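By written order: A, B, C, D, E and F. Residues from 1 in each chain.
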Amino acid sequence: MHAFLLEPVVRAALLEDLSHGTDLTTDAIAGADQRATAHIVARSAGTIYGHGCARAAFTLLDSGSEYTAHVPDGGTASGDQRVATISARARAVLTAERTALNFLCRLSGIATATRALADLVAEYPARVIDTRKTTPGLRALEKAAVLAGGGANHRFGLDDGVLIKDNHIAVAGSISAAVAAVRKHTGHMVKIEVEVDTLGQLREALELNIDAVLLDNMPPEQLREAVQLVAGRVVTEASGGITPQRIASVAATGVDLISVGWITHSAPALDLGLDITL
Amino acid sequence: MHAFLLEPVVRAALLEDLSHGTDLTTDAIAGADQRATAHIVARSAGTIYGHGCARAAFTLLDSGSEYTAHVPDGGTASGDQRVATISARARAVLTAERTALNFLCRLSGIATATRALADLVAEYPARVIDTRKTTPGLRALEKAAVLAGGGANHRFGLDDGVLIKDNHIAVAGSISAAVAAVRKHTGHMVKIEVEVDTLGQLREALELNIDAVLLDNMPPEQLREAVQLVAGRVVTEASGGITPQRIASVAATGVDLISVGWITHSAPALDLGLDITL
Amino acid sequence: MHAFLLEPVVRAALLEDLSHGTDLTTDAIAGADQRATAHIVARSAGTIYGHGCARAAFTLLDSGSEYTAHVPDGGTASGDQRVATISARARAVLTAERTALNFLCRLSGIATATRALADLVAEYPARVIDTRKTTPGLRALEKAAVLAGGGANHRFGLDDGVLIKDNHIAVAGSISAAVAAVRKHTGHMVKIEVEVDTLGQLREALELNIDAVLLDNMPPEQLREAVQLVAGRVVTEASGGITPQRIASVAATGVDLISVGWITHSAPALDLGLDITL
Amino acid sequence: MHAFLLEPVVRAALLEDLSHGTDLTTDAIAGADQRATAHIVARSAGTIYGHGCARAAFTLLDSGSEYTAHVPDGGTASGDQRVATISARARAVLTAERTALNFLCRLSGIATATRALADLVAEYPARVIDTRKTTPGLRALEKAAVLAGGGANHRFGLDDGVLIKDNHIAVAGSISAAVAAVRKHTGHMVKIEVEVDTLGQLREALELNIDAVLLDNMPPEQLREAVQLVAGRVVTEASGGITPQRIASVAATGVDLISVGWITHSAPALDLGLDITL
Amino acid sequence: MHAFLLEPVVRAALLEDLSHGTDLTTDAIAGADQRATAHIVARSAGTIYGHGCARAAFTLLDSGSEYTAHVPDGGTASGDQRVATISARARAVLTAERTALNFLCRLSGIATATRALADLVAEYPARVIDTRKTTPGLRALEKAAVLAGGGANHRFGLDDGVLIKDNHIAVAGSISAAVAAVRKHTGHMVKIEVEVDTLGQLREALELNIDAVLLDNMPPEQLREAVQLVAGRVVTEASGGITPQRIASVAATGVDLISVGWITHSAPALDLGLDITL
Amino acid sequence: MHAFLLEPVVRAALLEDLSHGTDLTTDAIAGADQRATAHIVARSAGTIYGHGCARAAFTLLDSGSEYTAHVPDGGTASGDQRVATISARARAVLTAERTALNFLCRLSGIATATRALADLVAEYPARVIDTRKTTPGLRALEKAAVLAGGGANHRFGLDDGVLIKDNHIAVAGSISAAVAAVRKHTGHMVKIEVEVDTLGQLREALELNIDAVLLDNMPPEQLREAVQLVAGRVVTEASGGITPQRIASVAATGVDLISVGWITHSAPALDLGLDITL
């Protein structure tokens, strides 16, 4: 992502530590002109994402910071591997350390979880995709982390694609009514996906010239039947209760996409630390 | 938290869905004046936090929204229990649904994880506390969620307390030098905590009239020895590798506080959904 | 559009008049508690859009303002027809007058221009659509005005659809290379449109399983040939040099869409005024 | 205008294209380190304004961008003349192209329209001036474009000059009452102008030691009479229904200023394009 | 000032106290629903200004706050007089107390200082006016406080009036060159004032058809001579080293205006306190 | 303070002068490329603070500005001593002059007032500390100025320390109840101070294991008695009516801290000017 998009987010994060203007510990201990070198090190193995944010954190505090990534965004670090090196004023290193790591650990956690799932379905055509179940304020970054982990992106927001879900169908009265309403109002660059819970709903949806179906909470055998019914006419997305244990069996049904909210809302952070050298 | 503090955060989250100005699906399907009632329901049991954010999401889209919490912040929901009810314009309900849930699920996940750990050490005096390993942009909310889960708060930022960590000691040259530097610059309302890795460091720190020690990555037997050495003179905080499996044995050493980064950086979201009724 | 999305834009506009804190003329002349009624009147006929912005301007200055639209958004006003009535503090009316009109006149100008073009092609299936040639800061509003005028929307930004233009093709080396690169990186909710200048390029594009083609600057006879070549397989968009004089002949070629930058970047403002009564 | 004043406006415009964080087309097609050169070319002749904004657009995306203006702000470009050259990362060129052009085309359109009117009255002392009928969010830029086109500026806002208009007179009860109220409240650096519709009002206003009169919607013969009545005592401004056809006859009446809302609210954009070379 | 202009300033001030989200003392002590009544009381006599800010502080924390001013803006409070009464949630009262008082005490200090000087020159035509030596971030409020204290306003910024100062004359080469340059670039609503240090400079300036002269650091006898030289042709402003002791002798010279930086940059705060009742 | 924290505050201050986009005087007089050198000179002696803000003001207008401090932050300038030298574009110097000085004069005024008080108690252990009676929007800067003047900082906000004041005690019912409530809710890094007005209250407070007492408005003899009562168990802070005349007698009582609201809310600005050379 372009640095000018990251800066406001990183600035806001730094302000959570510095809203009163001072790092009480660091400002007392480190001299204003003292320099330091530090290494960001993976404490466990995983896929890295977030160098742009980490770099921005140090640069905002010291415009002369040098930040070198050793494992690139999307690359995989082994345990104890150096992921990046920072050369900057000691105050900048110490004060920005936590902010930089908070971004890197969380985003790398997402990339790592995505990569793990992607690897589990590597032999199938199915791709792992994300959802809108992202952290408030960090959606664009988290979706970039999913890409870095080998996944693909679903919609970014409510404004770049139509997904007719159960609650919309309830309001519209039927799938057909919902699709008709949407088609009347949306432009030619907008794709339409419909969530279906049953094969009956799927049959109704397939009559409506849509682009994709979200097969929600269907067991593998039902998914397989759905995929056969679709017969390649629209994109098929499986969703609901996807676990590392289940994902291969879901992929084996032939669905095109498997969406997993878990990779953004519940992936554990990757364990990264910062070691300073003087 | 005061509503005026939540509003900018919730507004930013809504903008992730609406930056182009429109919910393509909802605006086509629901009439401008159509109203709806919806229930937020716990799909699994847990401790709830985040009603203020959820309420703000609906209110920003419909100032006439009514939001009633059935399980209060800090309360425990059983699986399938109604957590809140919203009465608002259908468009507001459908458009704000994901934003409201993204806040509620994440913050309730933190509260639930904290509560689980707190319950595991309930028979000991030790309290579970948080760290600065929070989500960028959400620290104040996540620390409030920790309180709601029965934990306590460590520092909020780098500006409201001194914690001299290993990297600071490396820069200062020694624990004593670091404490001396800090004491010279900080006011009378600032507490000083020092991270120690060994009993030797602990002995050095105890000579320095500090307020607390962070006993980092010590096994239970060493923690016990440290607690005896401290003998109540300063607050003791155990940190590093705390798991549900280990936490009781840590608490049994007699430490005052057990800090767990995991509850904010890696707690899985609580599973909550929204069911609409017309 | 939701009021919370309009408010920051309207606030910024009011600040252009009030950055030093005071309306020197009004604050001296009108009493703090004096009330006034005013009518927004169309000085010439046209399609109205922008009541949300006008209402917000008065409401920001007087939260007790009442704003009643007589001609709704998307409706057509005849010359000298009352479009809206405001009842508010006299200071709010006088101070917000220009801001409210600046929004209403510009957005209604866009709606009016769109409506005029849409009427000219009413007998053909072709729809008038907008472009990204919008006023900096007002894109979402201007695209809503296009909808109000009977047009449809193209992409909202660079982030919600793929349009491969001449400069992209130059960078990629060929249409095929560009489409291949895009297909590798974009999710299943993203449509792909390709700009072509010649029938040769069109044939190349049609091999690539894309969603739409932009037929740029083609004369009607070439457009007709292109439409026949496409034979309904993808959406066809004509673009370039569309004028009121030419648009019917373009529509007659059978294209699906006619995009017109002029309706957002050069449509004259609709002439509306505000008459106060005491 | 100082770059730090432009940056927030240009940033907001870029965000209209990139709110979800990515240019789906460009990011897939152009390599992160690929560079490009591009020329901004006038497709038709006109007066240029807006290089500061265009430069800022490229610079925000690539701080190493080089932007060279060939036709300076206020200069006149012939059709097909190169107006500026950009050397930057290909991604920055492609992503910022539309934003840069949206500013340049609109502001150059205003400069061109102003210049055309100014040329029509060049033989008279009258100057063409702007109004507050500007685009919400762009007033300072549009007023600078008017200067670049050879016009002059009226007030910038409601806070830097007094203009007593018909609605104010209605509220105050009379011109005299309005002027008296204003004089009591405003400082010595504030000029006072009064709008008059009749020669009777003009006579009343001239008794009041004001600085300027706005002669609203008067036909040339009445304007001439008004100018004679004023006899140089105050500045005279003609306003209302000024067209290229009429403006010379208005200037010939001897008025000092001719204000034209049209140059900011309805001037067509100047046609500029960007051609990339690799 | 309109409330929507005050809100961002007051919000920023509250955030200085609440950036970490919580009032540690109040939130622990006062119940969420507990209500309180409080009085703002003048501990010493003075002129009051700032109710809008104080009201906003309480309202942001409790939208149901009631704030009643007993001594209006611009009114004079005697020592120990109740200035305002607040009825709100106890938490809102306790948390907003300092913010509300910080605004009220500072702005009332300015109003009080202005009033004292204005009273000292009440028998002369001279008015006390402010300068641009205001507190960063609070200029509009401080200038309103000057008005409330019976003073008048000089320019609000660099953008609403021309004041040619010594450094400008140095850059331009002479007063005449500076005035000529300015006249060429500024519109008809802009007044021009020139700072002069000597009678020779004054004579040069008077030749140039300007609106006002700033007589800088002249002793009373020289001021008197300057006033005679001007003979009513332009506004005269005395400036430099104005003290309560000197101001009457300056006013006696016949100058129109006396500008005093001290009233905004160094006026002591008025002593106001808040007493809570339950 | 880190430059990235200062920039938004300085930017906001510059906008108070430039909200309409232009310095009418300077832009007309100084050429765009003309350069100038200027000196900031102390017109009277004092302690300097605020170079970061002054530098930022010039740098925002000309990124190539060079700003050299001759008297460092915290250093003392004699009357007529050069405090800093700026080399920049003439326009940047002239336009930013007032903003830079407004910061420097105010913050240096605070540093100077603090230094004066600190010197008066230099022979005693007591330190001069600040309060939350700071200028809205400038708290962090003003607290840094207090440090620069040899004082120390009290709390920064309501979120980094507990101070139980008279109004809290009124709400809680008693000092004991207030302390108990606070202790239940606050973390281990938070210090607790209690305000007492009488020796009886002091005795009650000393039973409660708190960290500090604020001895409010006690005459010296009572302060001395209080200090003896405390006997070193907690930090003692004297407050209320501290003047240069009284401060030594207060310090002589043996209190640890003397808090003075006056140094931030009422300290006169230090007189600094800017002299340009070409």
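Things to note:
Just so we're on the same page, a residue touches a chain if its C-beta (ideal position, glycine included) is under 8 Å from a C-beta of that chain, and two chains touch if they have at least 3 such contacts.
Remember, it's a predicted structure, so these values are computed and weren't measured experimentally.
Any chain that touches chain B and also touches chain C is listed here: A, D, E, F. Repeating the B-C interface, with the same residue numbers in over half of the contact pairs, is the pair C-E out of C-D, C-E or E-F. Taking the CA centroid of chain B as reference, the farthest chain centroid is that of D.
Homomeric contact chain B/chain E is classed as different-residue, with under half of its interface positions used by both copies. With every chain reduced to the mean of its CA atoms, the largest distance from chain E is reached by A.
Separation between the centroids of chain A and chain D, computed from CA atoms only, is 44 Å.
Distance between chain centres (mean CA atoms), chain B to chain F: 33 Å.
Centre-to-centre separation of chain B and chain D, using mean CA positions: 51 Å.
Chain contacts: chain A has residues 15, 18-22, 95, 139-140, 156-157, 159-161, 163, 185-186, 190 touching two or more partner chains.
In terms of which chains touch, the assembly is arranged so that all chains touch all other chains. Contacts from chain A toward chain C in the complex involve residues 129, 147, 152-156, 159-161, 163, 185-191, 193, 211-212, 235, 237, 256-257.
Contact residues of chain B toward chain D in the complex are 15, 19-20. On the side of chain E, the complex with chain C involves touching residues 1-5, 139-141, 143-144, 156-157, 160. Chain B makes touch with chain C in their complex at residues 11, 14, 18, 20-22, 60-61, 63, 95. Residues 9-10, 12-13, 16-30, 34, 36, 38, 53, 90, 93-95, 97-99, 101-103, 105-106, 109, 132-140, 156-165, 167-168, 170-172, 178, 181-182, 184-186, 190, 262, 265-269, 274-276, 278 of chain C are the ones touching chain D in the complex.
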